[in-house]
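Chain naming follows the written order as A, B, C, D and E, and within any one chain the residues start at number 1.
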C-alpha cells in the first residue's frame, strides 16, 4: 500500500460523513479513559459505554476523554452523537490517512494531527493519527493506540504540576499539542543526528551503501515533512483563532507552540537541504575516484605498452636484422627500455598524477 | 497532437462565444439523462430534445441534467438557450482542452474540471473534461462520455442514502465534485504506487529501462498536476464563494472538499519530488557501476600488461643474451612473474578495489 | 545585437518622452488604415495624413485606426498630438524592445504587447511589438508590419459577425487582445509539439544533435516566456481595472481572456520543465552509453590480455624450457587458453555485462 | 577584500550616525558643483565651502549640488549640517558598501544607489555608490568620482531641452534616476551580449576556457543583480510614495522609471538562467566527448588486442606445433587476422560507433 | 549532539514555562553587572543578589542589567520574579537552542538572538544565545558568557559618546541590537572572504580537498543563515512594532537596523549561491580532467597496440614465411611502423587531442 498517500478502496463512493475506519487495526479493543478534574478534585476511570459518562461533559469540571483504537466504529459513532460532533469531523477521525488540519465549529475546535515513532532498528518513522476535539468543558482525544507522549500530561494533572489544574480545556489542549510537538522534535532530532552522521561519513569514508542511506533518510525526512508542514499551518491558525473557548491567558502559550512547531518545520527543511548537498558531494567523490582509477590504468598502459612494442620488434624473426647480431645490443635494448619507462614516469609525475 | 496543450486550429479566429466542439468524439450520439427529485418523489428519464424538459427546471424539485457526448453542438446550444447560459461558458464546455476553472454568474455557478482514467496496460492517464452548471434548482453536467464516478451519486439519490434527497442543488454539486476528487485520488494512488515501486526497484536492481519508467511516470504525474492544480484553485474559490446558491449547510462540506483536493495536490508534489530524487539516485548508481567496470579493466590491465612485457623481453632474438642460457633462468622468470603479479594484486586489494 | 534585451545606443541620454524609433524598419512606408463603424454603417479607408481624420474620433461611432510601420516618427507624433497621448506612451510605442505593460490614463487605456511569428524553417520565434490605445470612441493600434491576426477581427466587423458591431471600443479592444492571445497559443502549440517530439526522440534514438535541439527549443520557449508573462500580468490588471471605458458587459470577456493567457503562461512553464527533464534523461542516457562502451572494452581487454600473456611466455627463448619439448604441450596450451578465455566469458556473463 | 560584502573594520563599534568614510578614495579632492536654475535663469559654479551657498537652497529656484569624492568627511558633515540631513543618512552616504535603499524624511527623500562601469578589457563590472537627497527646492547628489551619466542631464538643463527647466526638483530627481537606470541597462546589455555570445560558442566550439568564462560572467551578473534588485525595490517604493515633494505631474514618469528598472531586473534573471543552462549544456558536451574518446580507444583495443593474441600464439616455440610446418599456414593466418579484424569493424559500424 | 537542532532530553515532558537550563555551561559562575545612568550620573557595579537592586529598576534612570552564565537557574528565576517576566520568556532565555524571535508583552519587549564567534583555526562558527528584555526604564541582557561586542556600547555610555546618555532604554536596545548585527556582518565578511578565495582556487588549482572545503564552508554558511533569517524577521517586526516603549526618535535607527540585517541576510544568500556554483564548476573541472586522462590513455593505446600487433606478426614462427627472408624486409617493417605510428599521431593532432 502506498505509504505517501492513503485512502482505502472501500471508502470510495460512500456518502460523505459515512463512518468507515480506514487504516490498520493496532489494538485489540477500543478503550475509553476519562480524567475529570478541577482545582480540588480528580476523578480517573475507564468507560465501557458512552452512557456511563453521565453529566460529566456538561459539568464545570474539565473532562478529558481519551480513546485508544479507532476500529470500533460504533463507539466512535456514539461519542459523536453524545457530543454532537459534525459527521465530517468523525469521518476524519476514522480515516487514519487524513491530512493534518484544524476545523472551527460553533462550540468546539477540531484538530487532526500525526504522532511519530522512530524505530532505530530499521530507521523507519511510523506515524499514528491523533484527533482532538476541544469543547468548553471537555476534550476528546482519539488515538490509534496508546502512546507515551500524553502520559506526562496525565501525570501533571494527577500531581497538580504547574497551572494545569486551575485552568480550562484550552490550556489542556495546549498541553496536549505541546507534547505532540515535543514528539515531532524528538523524532526530528534523531533523524537529524543520522543526517549529521552521514555528513561526516561522506567526507571520510563514502562507501556504496551511503547512497542507499541518504536516499532512505531523505524518504523518512520527507515523510515527516508531509505531516509537520500542515500541522504547523494548523497551529498557526490556532494561535490566531478567535474562538470563545480560547481565553486570553492561553494566547502566549499558543504563540510559543507556534514558534516551536515553526522551528521543527525549519529544521526539517535544513535537513532536507543537507541531504541534497550530501548527494552532490557524493557525486563529486565518485568522479574523483573514477579519475584515480583511470590514472592508474593510464600510467600502467602508457608505460608498458610502448615497452612491450619495443620488445616485440626484437622478437621478430627477420633474417636480415643487423642489431640482433651486435654484441651490446641487448644492453642498449635495456637502456632504451629504462629510458622510455623512466621518461614516462617523470612525465606523469610532473602532471601530478601520483 | 500536443497532449500538454490543445486548442484546435479550426477554433482560431472565431467570434468569442462561438460554439465549436474541440476534441475527439468519444460516443456515437449525445444522450441527455434527467433525474428530477425531491424528498418524496424521484423521476428518472432520458430526453431526446430540450423542449421535453417542460417546467422541470423551474419547479422546486432538484433537476440534474446529465449530458454525454459534446460533439452535437446543436443540442448544447439549445440547452444553453433554455437555461440562459453565457456563450463564453458554453464555448468552454465544448473546448475539451479548457483549463479547469470556476465562473460565477448572477444565477448560476459554472465549473470546468477534468476526470481521469488510468490505463494499467500502458500506464497512461487519460483525461476527460467535465463541466458543471449549478443553478438554484437545476444542475447540468457535460461529459465527453459516460464514466462510472457519477453512478455512485445517482445511486445515493435513488436509494435515499444520506441527506442527498432532502437538500438542494448545492449539496448535489458538492456530491458530484466530491466524486470527481475521489477520482483524482484514485488515479494519484495508482501512480503513487508505481512511484513507490520504482523507489524499491532503483535501489535493488536498477536496469536501463528504469530511466524510461521514471521519465514516463513523471510525464503522467505532470499531466495530472496540470489539471489538479487549477482544480484545487477552483475549489478553494468555491469554498469561499459568497453566492446565494450556496447555503450555510453545505459550507463544511465544501471546506472538506477543499482539504481533500489540497491533499491530492500535495501528494502530486510529493511524487514529483520522489521521481526527481530517483533520477539522482540512478545517476549515482550509474557512476558507481562505471567505477566497477573501470576497476575490473584496470586490475586486468595493470597485472597482465607488465607481465606480458617481461615475457616479451625474453622473446627477443638477441644473439648475445646471457640470461637465456643460464640453466635456472626459466624458473627465475616464473618467480618474477608471480612476484610482480602478486604484488599488483596485493596493491589493489589494499586500495579496496575488490 | 542582444536578442534578450534591447535598447539602442542612440536612445541613451535623451529627454524622457523623446520620440525615437528603436528597432528594425520592417515596412517601406508607414500606412494608416481606418475602420469607422456603428451598428448600421461601416466606413473603411486609408489615411495619408492625420488631419484627414476630421471629427471621426469624436463622433459616437467606433473608430479603429490601425498603423503599420513605426519608423516614421512624424506620423506617430501627429497621431499623438491629435489624440492627446502621453509622451511616455508614445515613446514606448516607438521602442520595439519595450516590456509588455498596461498604463491607465484619464481618458484612455494604453497597452504594449508582443506578437509572435514562428518560422518552421529555422525553428526561431520572431517577435513584433503591438501597442494599443483604447479611448471611449476610438482605438489606435501600432504595429511594426501588417500581420494576419487582426484580419479576422476586421472581417467580423465587415460581416457583422457576433456582437462586435453593436458594442463599443472596449469590446473591440477585447477582440484584438483575444486575437493576440490566440497568436500566443498558436506559437506555444507549435513549440509544444516540438518539445513533445523531443520527448519521444530522447528515449528512442538520442543522437548528439538532440542537446542542440533541446537547448535551441529552450531558448525559444524562454524568449516567448519573457513576453507572455508580463502580458499575462497586464491582462490580469486589465480584467480588474476600474475605468469608465470598460463596461459591465465586457467584463466576462476580459475574465475569459485572463484565463486564456494564464493557460498560455502555464503551458510555457510546463514546456520549460519538460525540456529540463529531457536534459536530465539525456545525461542518464549518455552515462548508460559510456557504461556500454566501457564494458565492451573491458570484456575484450580482460579476456585477451591474459591470453596474450600466456602466449608470450611460450614465446620466450630460454634454453632450458622443459614444457616446450613435451609432445602435448601445444594442445595443453590451447586447453589453458580456452579455459581462461571461457572462464572470463562466464564471469562477465554472470555479472550481466552482455 | 570581499567584493560581495563590504564593511570596513574601522567602522565597527562606532556610534550609529558616526561619519566615517568606508571605501577607496577615487579622486584627489572633493569638489562641489552647483547648478541653480528656474525657467528663465541658470547659474552654474563650483563651491569651495558650504557657506558660499548663501540663500540658494531656500530660494524658489531649483538648486542641484553635485559632490564628487566622499573621503573629505568634514565637507560632507558641513553639507549635512546646512541641509539638516539625518546623521544615519549621512553615514550611509559615506559607506560605499551600503545596500541600495530609499528613506523618507519629513522634508526630503533620500536614496542610495549604485552606478556601474563595465571594463571591456577584463570583463569586470565596477560599482560606484551614488546618493541622492531630494528636498523641495534642492537636490544634493554624492558620488565617489565624476561619471558621464549625469552630464546629459546637465546638458538638458543648460539647453532647456524638454520640460526640465520649468518643473521642480521631483522631475530633476526623476531625470537623474532615469540616467542611473539607463546606466544599468547599458551594462546589462553589454553583459547580455557576452552571455549570448557564449550561447553560440558553447554549441559550436566549447573549449576548456568556456567554463571559466561562464563562471566569470555569472559572477559579474550576480554582482549587478545584488545592487539592481534593491534599486528596483527602492524605485517601486518611490513610485508609490505619498510625499509632498512628489507632484502629480511627475507620477507617470516615476511609473515609467519603475517599468524600466523592472525590465532591467528581469533581464538579469534571464541572463542568470541562460548561464545555468549553458553550464548544463557544457556538461553534456563533456560527456559526449568522453564517449567519443572511449569509443576510439575501445575500437582500437577490441580490434588489435585479439589480433595480437593470435600472432602471439604462432610466436610460441613449442617443438611440436603442427600448423607451423603446414605450407599455407601463413596465408591462412593472414586470412584469420583479416576476418577477425574486419568482423570487429563491422560490429562497431553496426553499433553506430563511427 | 545534533548541531543544527538542539533540545535536550531532560527538557522533554516538562511543564511549559519550567526553568531548565538547556545548553553547555560556559562560565564558572553567573555574574550580574549593572550600569545605571542618566544624562548626568553613571553608576556601574556588580550584583551578588537580585535584592541588592533596590529601587533602581523603577527609578527614572536607565538601568542595564547584564547577566553572564545561564546555568544558575535560581538567579534567573529571581530576576524573572523581580521584573515580572513571563515564565515562557524565562524558559526561552534558558534554552540555548531557542530559535531567534521577538515577543511583545504589556510592559516589555522580549528578544532572543544569536551571536557568533568565528574560529579561524578550524573555520567553525560558534553560536551563543543572547536574550534581551526591554522595559520602559530597564534592560536585561542574558548571555552564555561575556563577549566583546557589548563592550563598545558600555564604553559609549561611560564616555558619553553620541546621544546614548540622553535618551531612553529604546535607544540602548537599538545600540545593543546594532552591535549584534555588526557581529553578524563581521562573521559573514570572514566567511565571505573564504568563499571568494575558493572562487579563485577552484579555477586555478582545484585539488581534491576543495570539495571538503566547499562542503565545510557551506555548512557554516547554513549554520549562520539558520539564525540570521529569523533574527531579520524579528527586527523587521521590531521596526514596525507599535509599543509605548519605542519612541518616535528611535524609529529611523530601527529602520536602519532592519536595512543592515536585511543586507546581512542577502549576503548569506549570495554566498550560498556562490558555493553551489563552485560545486558545479568543480564538477566540470573533474570531467575535463577525466577527458584529459582518457585522451592520454587512448593516444598511447591507439598508437602502440597496432604497432605491437605488426611486430607480433613478424615474430611468428611459420616455416613458410616469405617476407622474413627478403633482404630489405626489416627496413620496410620499420617504414610501416613509422607510417602507422605517425599516421595515428597526425590523426589525433587533427582531432585536437594534444
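The criterion applied here is as follows: a residue touches a chain if its C-beta (ideal position, glycine included) is under 8 Å from a C-beta of that chain, and two chains touch if they have at least 3 such contacts.
Values in this document were obtained by computation on a predicted structure and should not be read as measured data.
Enquirer: Smallest number of touch links from chain A to reach chain D?
Expert: The fewest steps needed to get from chain A to chain D is 2.
Enquirer: Shared touching chains for chain B and chain D?
Expert: C
Enquirer: Based only on mean CA positions, could you tell me how far chain A sits from chain B in angstrom?
Expert: Computed value for the inter-centroid distance: 26 Å.
Enquirer: From the C-alpha centre of chain C to that of chain E, how far is it in Å?
Expert: Centre-to-centre distance between chain C and chain E: 42 Å.
Enquirer: Going through chain D residue by residue, note those that touch at least 2 other chains and give them in order.
Expert: Answer for chain D, listing residues that touch two or more other chains: 283, 287, 290, 294, 297, 301, 305, 308, 312, 315-317, 321.
Enquirer: If we trace the ring from chain B over to chain C and keep going, which chains do we hit, in order?
Expert: In ring order, starting at chain B and going to chain C first, we get B, C, D, E, A.
Enquirer: Along chain E, where are the residues that touch chain D in the complex?
Expert: Listed in rising order, the residues of chain E that touch chain D are 152, 156, 161-162, 164, 174-175, 178-179, 182, 185-186, 188-189, 192-193, 196, 199, 203, 252-253, 255-256, 259, 262-263, 266-267, 270-271, 273-274, 277, 280-281, 283-285, 287-288, 290-291, 294-295, 297-298, 301-302, 305-306, 308-309, 312-313, 315-322, 353.
Enquirer: Along chain B, where are the residues that touch chain C in the complex?
Expert: The contact residues of chain B facing chain C are 1-7, 12-13, 15-18, 86, 88, 92, 99, 101, 103, 208, 211-212, 215, 218-219, 222, 226, 230, 279, 282-283, 286-287, 289-290, 293-294, 296-297, 300-301, 304-305, 307-308, 311-312, 314-317, 321, 324-325, 327-330, 333, 337.
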